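Structures incoming, each one as structure tokens.
One chain, chain A, links the two complexes that follow: it is found with chain B in the first and with chain C in the second.
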Partner chain A sequence: MQRMFRWIAIIAIVLGVALPVIPQIIWSLAHRWLFPSLLPTEWSMSSWEYVFSPSSRVVEGFMNSLEIAVFVCILSILVGLPAARAIALNDFKGKGIIEWLLMVPIIVPGIVSTLGIHQLFIRLHLTNTFIGVSLVHLIPCIPYMVLVMVSVFSNYGTELEDTARTLGAGPIRVFLNVTLPGILPGLMVATMFTFLISWGQYITTVLIGGGTIVTLPVVLFPFITGINYSNAAAISLVFVAPAILVLIFTSRQLGQDSAVMGGFGRL
Partner chain B sequence: MTHVMLKGLTRRFDDVIAVNNLNLEVESGELIAFLGPSGCGKTTTLRMITGLLLPSEGDVQFDGKSMVAVPTEKRGAVMVFQKHLLFPTMDVARNVGFGLKMAGISKKEIDRRVSEMLELVHLPGFETRRPHELSGGQQQRIALARALIVRPNVLLLDEPLANLDANLRLEMRELIRTIQREMNITSIFVTHDQEEAVMLADRIALMFDGVLQQFDVPKAFYERPNSAEVAHFFRNDNFLAGTRRGDCVETGLGSLAILPDHVTQPDGKVVVTVRPEDIYLAPTSDENLIHVKVLAQVYMGTYKQVQLDVDGNKWLAHGPADLDIREGDTIPIQLPKTHIWLLPPANGK
Partner chain C sequence: MNRLKLMEKLRVPMMLFPAIAIIVVLFGGGMISGVGQSVGYFPVIGLNNFTLDYYRDVLTDDGFITSLWLTFRLAFLSTLFSSVLAVAFALVLRHTFRGSRLLTLIYQVPIPIPHLVVATGIVLLVSQSGLLSRSSVALGLTQTPRDFPVMVFDTAGVAIQLTFLWKEVPFIGVVVLAVLKSVGPQYEEIARTLGANSWQRFRYVLFPLMLPGILSTSIIVFAFVFANYEIPLLLGVRHPTTLPVMAFRNYQDPDLALRPQAMAISMILAVVAIFLLVAYKRLAKYAVES
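Moving on, here comes the complex of A and B:
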């Protein structure tokens, strides 16, 4: 029975993830592919040449997306880790409200909050800046970071840290020697989520970045609505590559009945 | 070797008083048990001694020096918890050597002392094992080694035997006792099991609801309990109301002779108690002879437990296993005056 479910799961993953990528690969290499041909009648590398040429701005967008995503990961660890720890291990007044507020960005569409934030960012001169775009990406990222880490921290408890304290370790050494190694698998998964959410942001980037900050989705979007399927397919593949790498990288964590996934029970 | 003093130690959580005005002195090298039902404040007290929790009022002193302002890592009060014993990301050697590493001892010296300490807890050669490869008992011993290696001022153990099966408990108890004696480390352990406390501790501090009830050698809890509650916790529910007048107590079953120098309750209303194992079901003289009805009897293997009706109170008495009595009989029993203890009168009686 379990074997059967395993196979169903594997087939579903293949159908859902791998299969849609195959036509993309073919499209990206096609020069002429007209109905009713099963495969392109003419092949060419021109789309890939275009992708890596400066005029397409794909490489520029890729680097911008990467820099912003990494920066957002750092910010969301700085904000989310202490918040998650406080929620997981302490009881305090207004905890329920804070927990709810942290989850709100999942409920409220990003475009709504971003429109409001736009006004504020103009006044703070944060529009059209790297920092501004990073900050607005942080909004949808925080809930996932907090969600995952709350469950990691509540599973981890405080006994090990307390033990380390009594053995002569100060707060910083407790964190570096005991807490961090203990929560690292969970933290890695949470960071991957954060990375992917920032990586996929389009509307928020366009609104706050105002065309000055060009990320990969911003580059990609006109192609999806355009007519050059080959170029769109090639850029899509560049866009999806990190996601697939992350999926492979974290699948081990996600597969187990680990504390990492426990947080999603709260949604 | 550290002398520990708790002065008026109080801890409140919101409106709840977890520990109330605790005064206690632990001699250096002594092994003390904090005994009481769960939620009585014993673990809270332990945490205040380590500094993981600050007292609301009162003072914790090591060798006469106040520790309240000293952070946990500088107190040298090492705590061994009941659960989550070992650092899961470190092997046994790094676990045991953790305290020394924090103290800045050289790697070579740490390795030497770790293997020495593993020898002491009967787990030599376990350096490269991972915590998840060890049994519960082995983890417990490694945790103990990790605490002892830093030669703590005070060793604090939270229910050290609770998660072990019967055989391991015995072994671990011996180990704790032997090492504690050998290294002469002032130690306090928390338990809810009175037998464990009696067998292991030099002195027991019995706590109910955050209040210290009695702090004394184990024997005293059997022979000289402070109150009916203390007697009850040590499995003695034999109570009979009376009035003390000099060397005798007037009760509903007549006058009972007592040893005036042995008891501490003054003349007036008292509660008479005799432990089940001290009652003579086969009287040897006429002194303090009372006639009581047998309510029930249970054969316990090595002895017989008899339930008696003593002036409307249910008493238990232990007799020889081959004692020949029947339920419903009225039998004479003797309350030896050397074993009669007087408790303060119960409130409202």
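Moving on, here comes the complex of A and C:
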């Protein structure tokens, strides 16, 4: 009985995960694939050539997405890390309100705040700029960074830091040699989430970037329901590449460190 | 000494300030600007009188109620199906068996994959000329694309649900699995020696352990699907559509007079989302305690 369930689960997971991926890989290499053939009758690399040609704007979109996501990650770490530490390791008046304030952007739909911000950014001349787009990406990113890091710091003892300080280490050394190694696995997962949230943003980028800031999802979007399946598939596979890299780097933390994922239990 | 004390007192506020400031200015500013526009403060087109007319217009529109119901239904069903499947898979994956580590890794693959990529894959898979339709011809079940059931651009939103399911099952699953793995098998063993059958062990031992994780992740999933713009736009029908799509469509309309209405829809969307999630949290708290 248990063996049967196990086999059902194995087949369901492997097949379920692979099924939407398989046609994308095949289509990206297909030149002629008429219904009802199960495989293309002619293969070609033309959609991959298209992807790397400047006219598709895929490379440009990739670089813009990457720059924005890295910038958003750095800012999220800089402001999120101290906030998470303050919340996790201290009791203070108004802590409930602060926590609620930092969580509310996860609950309130991003499209709602972005529609309002659009008007503000027009006045501040932040629409159609790199900074403007990065700033709207920050709104959902900071809460996730804080959420995961609060749970990391909650399971983190400050005794080692105290010892290091007693032994004469300055604040920068304490952070680099004691704090950072202690929180690094959690920080990696939090940064991964932050990166992917920014990487996947579509509507906020379109609204604030206004067609000037072209990120990869903006390039991909019109292709998804377009008529050129091969180009859609190839661009989509480019879009997924960094996500796979990120997964490989952090899968160990995701699978085993319940403290990190437990961050979501605080919501 | 006094300066040191002051520094100590200011330490926590200083650590919190940058994050709070960004959220308050950007998010708070956006919300205030949105509320302003929704109640008739939109000087660009000469509106600056307070009015609730836009809310009345929106709320009495039949299309709005249909959209609200569609948005809720999609979010509710996606969350429900994802949670059930996540629990089922967690029950299998918590055991160690040959290949279980690899299987868990495969299970996590969807987590970092962007929704737009999933949508692309789902279209190529389940559309009437997609891979499944072709397979069904190969198996002799259907002859033409038209024989295959409509799953993309359909009123039921099958492709939309499949996209969310593919993404969210592992997300809930990983959290639940982490809990089960950290607890280990000892509770279950105790229940077994006390004579509990496998259903009882699930109902009274494993499920209560998983419940907090399920509840907290399903809140995120529900909020995400409820607010999602691109998936229903890409894979759903044009009418009726979901509230985020409706709000954005009105906002992008060349007729600027529709903007306050767009803002009213968007504010109602926010209020409904907050209300549903607060209600859900209450319910969840009650469920965990009892």
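The rule is simple: the second predicted complex is superposed on the first by the 246 of 267 C-alpha atoms of A that agree within 3 Å, B and C clash if a C-alpha of one lies under 4 Å from a C-alpha of the other, contacts with A are read in each partner's own complex, and residues count from 1 in each chain.
Here, contacts are C-beta pairs under 8 Å (C-beta built on N, C-alpha and C of every residue); 3 or more make two chains touch, one makes a residue touch a chain.
As the structure is a computational prediction, the values presented were derived from the model and not from experiment.
Student: After the alignment on chain A, I want to confirm one thing: do chain B and chain C clash, or do they fit together?
Tutor: After superposition on chain A, which the two structures share, chain B sits beside chain C with no clash.
Student: For A:A243, is the partner it touches chain B (first), chain C (second), both, or none of the two (neither)?
Tutor: A:A243 contacts chain C only, not chain B.
Student: Quick check for you: in the superposed arrangement, does A:G170 touch first (chain B), second (chain C), both or neither?
Tutor: It touches chain B, and chain C stays clear.
Student: Looking only at chain A, is it chain B or chain C that touches more of its residues?
Tutor: The partner that reaches more residues of chain A in the superposed model: C.
Student: Touching A:G182 in the superposition: chain B (first), chain C (second), both, neither?
Tutor: first
Student: Using the touch definition from the top, say if A:I10 reaches chain B (first), chain C (second), both or neither.
Tutor: second
Student: Contacts for A:I106 in the overlay, against chain B (first) and chain C (second): which applies, first, second, both or neither?
Tutor: second
Student: Quote the smallest CA-to-CA distance from chain B to chain C in the superposed model, rounded to whole Å.
Tutor: Comparing every C-alpha of chain B with every C-alpha of chain C, the smallest gap is 5 Å.
Student: Using the touch definition from the top, list the residues of chain C that touch chain A in their complex.
Tutor: The contact residues of chain C facing chain A are 11-12, 14-16, 18-20, 22-24, 26-27, 29-35, 37, 88-89, 91-93, 95, 97, 99, 103-125, 129-131, 133-135, 137-138, 145, 166, 174-175, 177-179, 181-182, 212-213, 216-217, 219-220, 223, 226-227, 229-230, 234-235, 244, 247-248, 251, 262-263, 266-267, 269-270, 273-274, 277.
Student: Using the touch rule from the top, collect the residues of chain B that touch chain A in their complex.
Tutor: 50-52, 71-81, 83-84, 87-90, 98-99, 102-103, 146-147, 150, 156
Student: Which bits of chain A are touching chain C when the two form their complex?
Tutor: Spelled out, the residues of chain A in touch with chain C are 5-6, 9-10, 12-14, 16-17, 19-24, 27, 35-38, 78-80, 82-83, 85-87, 90, 92, 98, 101-102, 104-117, 119-120, 135-136, 138-139, 142-143, 146, 192, 196, 199-200, 202-203, 207, 217, 220-221, 223-225, 229, 232-233, 236-237, 239-240, 243-244, 246-247, 251, 254-258, 261-262, 264-267.
Student: If we count contacts the way the header does, which residues on chain A are in touch with chain B in the complex?
Tutor: Residue list for chain A touching chain B: 157, 159-160, 162-170, 173, 177-178, 181-182.
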